[in-house]
Structures are given as structure tokens and as C-alpha cells.
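Should a chain be cited, it is by its letter among A, B, C, D, E and F, assigned in written order, with residues numbered from 1 in that chain.
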Amino acid sequence: MPTIIVEGPSIDIEKKRALVRGITETASAVYGLPGHIIHVLIRENPPENVGVAGGLLADRRKESGTDR
Amino acid sequence: MPTIIVEGPSIDIEKKRALVRGITETASAVYGLPGHIIHVLIRENPPENVGVAGGLLADRRKESGTDR
Amino acid sequence: MPTIIVEGPSIDIEKKRALVRGITETASAVYGLPGHIIHVLIRENPPENVGVAGGLLADRRKESGTDR
Amino acid sequence: MPTIIVEGPSIDIEKKRALVRGITETASAVYGLPGHIIHVLIRENPPENVGVAGGLLADRRKESGTDR
Amino acid sequence: MPTIIVEGPSIDIEKKRALVRGITETASAVYGLPGHIIHVLIRENPPENVGVAGGLLADRRKESGTDR
Amino acid sequence: MPTIIVEGPSIDIEKKRALVRGITETASAVYGLPGHIIHVLIRENPPENVGVAGGLLADRRKESGTDR
């Protein structure tokens, strides 16, 4: 601990590196704790498994070309 | 927020739509908040990764034909 | 399992009853499973512990009278 | 979504602001998404409820003056 | 990592110690990893915030004297 | 409930059985509850999705042959 869990869409490994680096720096500075005890878990949720506004993200993208 | 995380078995996309629709309606009514700020994450857990009563769901199904 | 975790603001016990009833009905119908194996965990997050758009919900409410 | 959950010790409101700001900036840059759809939930875990190395953080602190 | 999150009712500190000790021993043996990298988070859920079978645990206890 | 969520690396089915058995025994003894109401969810996180000390576990392993 601290452990940070990130629920987001799929990303490539370069973005994972940047995500872990940035979050660990912030958490280390805020908590005043060394980076080596800070853990980050990245979860990649398929758009079919994410609901926003009562519909699936997967359906929404098809309709509108929205990309989140 | 609100964000609702659903831990369940695998389901097809039609069921995912129904799950997100129903949960969002309930949450929107209860919290008095518009649906577009309500998020749902569906997690599909393989029976090999779920333990009930000290055993894996995967083993239990084989033995008994139980289907949950 | 299924287990549903709801991350939201504080609500009174009547709303908790309605939330659990509605979510359990939806989950029971979608998964085709009896209600007694469906669990719901309600988490009540103080606005000081919720970040939206880079700021705390607690600060945002003060500024704008927004209520989510 | 993205939603980021931070499991850590108790912190004051200034640190919460810094945590949300820093994490949202990183997530917004990495995912290429506007900050207003990024949510952060901060959880403050009492040292009595955190286990490390088989013991409670609460006991460890008493013994050694360790502060994480 | 590994990190184990336990969602249960309130327990006293002696039980927390036993929970962390037992879970860490099991996880250390199964993963073949030293105990000091294994973290446990205990969450104590009030019965008013737990739903089973469509109702709150808090209501169920009153009706039946059930104690889980 | 109780529900225990285990965040760890990938493991084979024999280890999953041992993990569920051990954790359920501990939880059942500590909470004084029958094993059949105790649920365990095992999550297998790819090393590319786990951050420790500001870097990905996937990168760390390559560099040092470290195995956690």
C-alpha cells in the first residue's frame, strides 16, 4: 500500500509505462512514501463491458464514432 | 460516480445491455441523478477463478451439473 | 456471486433498500439465477474523497451548488 | 470511465486535492481523454485494517515507529 | 502484489490479526512469494450497506436473528 | 459475504484450488461463518498491467530476472 487501481480502456505498453510512472510520482509525492511500496494495477475493460448512460460503450461508439 | 461494478459469470452482449439498462435505471431513480453520469463495469469471471464453499466453481459444476 | 459493488454518495436506509431491491431484480433476471445468491455492497464515499475533472467533489459543490 | 481507485492511509484535504489533480492529469494525457470524464475515488484505510508481511500495519507501527 | 481485499462485517483487532496471518500464509505458500510483498486490506461493511436476496442484511437480522 | 478478492499473477488450477481452500478456511474460522457463504474471486494480472516502483513488472522481469 498505497495501491492504485486504474479502470480504463485497452492501451499499449508505452501508455502503460507512462500511466504507472505518472501515478507513482504523484502518489509518492502526496503520501511522502518511497515509490517502491506503491503498486498500480491497470485494468483494460472491453467497450462491451462498460455501461454509460444506460447503454454499452460498444454500441455508442458504433452509433456516433465517439471514442471514449 | 456513481459507478457500479458487477462481478459475475460470462454473459452475451444482449444480457450485458439488459444489465446496464436495468442497473442504470435503478441507480438513477435512487440517487436522483441523470443516467449519463452513471457508469457500470461488467466483469466476467471464469469458473476456474471463482471459489465458493472452499472449492472452485469449475470443479463444482463438473461434479453436480450446478449452473451458477 | 454475482456480487455487485455500488460506489456512490451517502444515502438513507430507504434508498439503500430500493437500490438493493432493484439491482437484485435486474441481476437475477439477466443471469437467470435466484436472488438469494446475489450480493450487493453499497459504498458511501464522502465528497472529499471523490475527484471529478481534476478537483474534489467537495470543492465543486461549494463553488457551484452542484449536487452530484 | 476511466475511474481510478486509490487505496492508501488517511490524508488531509490538501493532499487529496493534489492526489486528484496529479492522477487526473496523468490519466488525461495517457488516455487522450478530457479530464471531466476521469473519476478518482480515494479510500482511507485505518492501519488496523491493513496487513503487510502477515501482520497488521497498526502493530508494526507501534513496534518500530515505521510510518507507512 | 499480491494484494488481497476482504469484504466482510466488522471484527475486532484480534480477528484482524488472525485473518491477515492466515491469508498471508496461504498466499505466500501458493504463489511461492515472501510474505512481505503480500498485502491484505480488510473492509468492514455495516449491515445496512450489504444486500442479500434483495434485502438489506440489517433488516434481515432484525426479522430472524440471523447473524451473518 | 464475506467476499475475498485476490489480485495476483497467473497461476495454474491446482494453485487456485489451494488458494481458495486456504483462504476459505481462514475466513470461516475468523468470522465464525460456514464456508458455503464465503466467496473468493481470483484475478490474474498480466505483468504488463502491474506497476511497482514506477515501472511495469513486465520490464522489471526482463532486466533482472526478478520473479514477482
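Quick note on the criterion: a residue touches a chain if its C-beta (ideal position, glycine included) is under 8 Å from a C-beta of that chain, and two chains touch if they have at least 3 such contacts.
Being a predicted model, the structure only gives us computed values, none of them experimental.
Hey, which one of B-D, A-E or C-D is the same interface as C-E, over half the contact pairs lining up?
Over half of the C-E contact pairs recur in C-D.
Superimpose the Cα atoms of subunit A on the matching ones in subunit D and note the rotation angle, 0 to 180, in steps of 5 degrees.
Superposing subunit A on subunit D takes a rotation of 180 degrees, nearest 5.
For subunit E, which other chain has the most distant CA centre?
A
E-F or A-B: which has the larger count of contacting C-beta pairs?
Looking at contacts between chains, E-F has the larger number.
Suppose you list every residue number at the subunit C-subunit D interface; are over half of them used by both chains (same) or under half (different)?
Different residues, largely: of all residue numbers at this interface, under half are found in both copies.
Can you work out the whole-Å distance between the CA centroids of subunit B and subunit F?
Their C-alpha centroids are separated by 20 Å.
List, in ascending order, every residue of subunit A touching at least 2 other chains.
In subunit A, 1, 3, 7, 19, 23, 25, 39, 41, 45, 50, 52 touch at least two other chains.
Touch graph of the chains shown: is it line, ring, star, complete or other?
Topology of touching chains reads as other, fitting no named class.
Can you work out from the touch definition every pair of chains that touches here?
In this structure, the chains touch in these pairs: A-B, A-D, A-E, A-F, B-C, B-D, B-F, C-D, C-E, C-F, D-E, E-F.
List the residues on subunit F that touch subunit E in their complex, please.
Residues 1-9, 11, 15, 18-19, 22-23, 25-27, 29-31, 33, 37, 45, 50, 52, 57, 68.
Note which residues of subunit F are touching subunit B in the complex, please.
Touch residues, subunit F against subunit B: 13, 16-17, 19-21, 23-25, 28, 35-36, 38-44.
Of all residues in subunit B, which touch subunit D in the complex?
1, 3, 39, 41
Provide the residue numbers of subunit B that touch subunit F in the complex, in ascending order.
Where subunit B meets subunit F, its residues are 7, 45, 48-56, 58-59.
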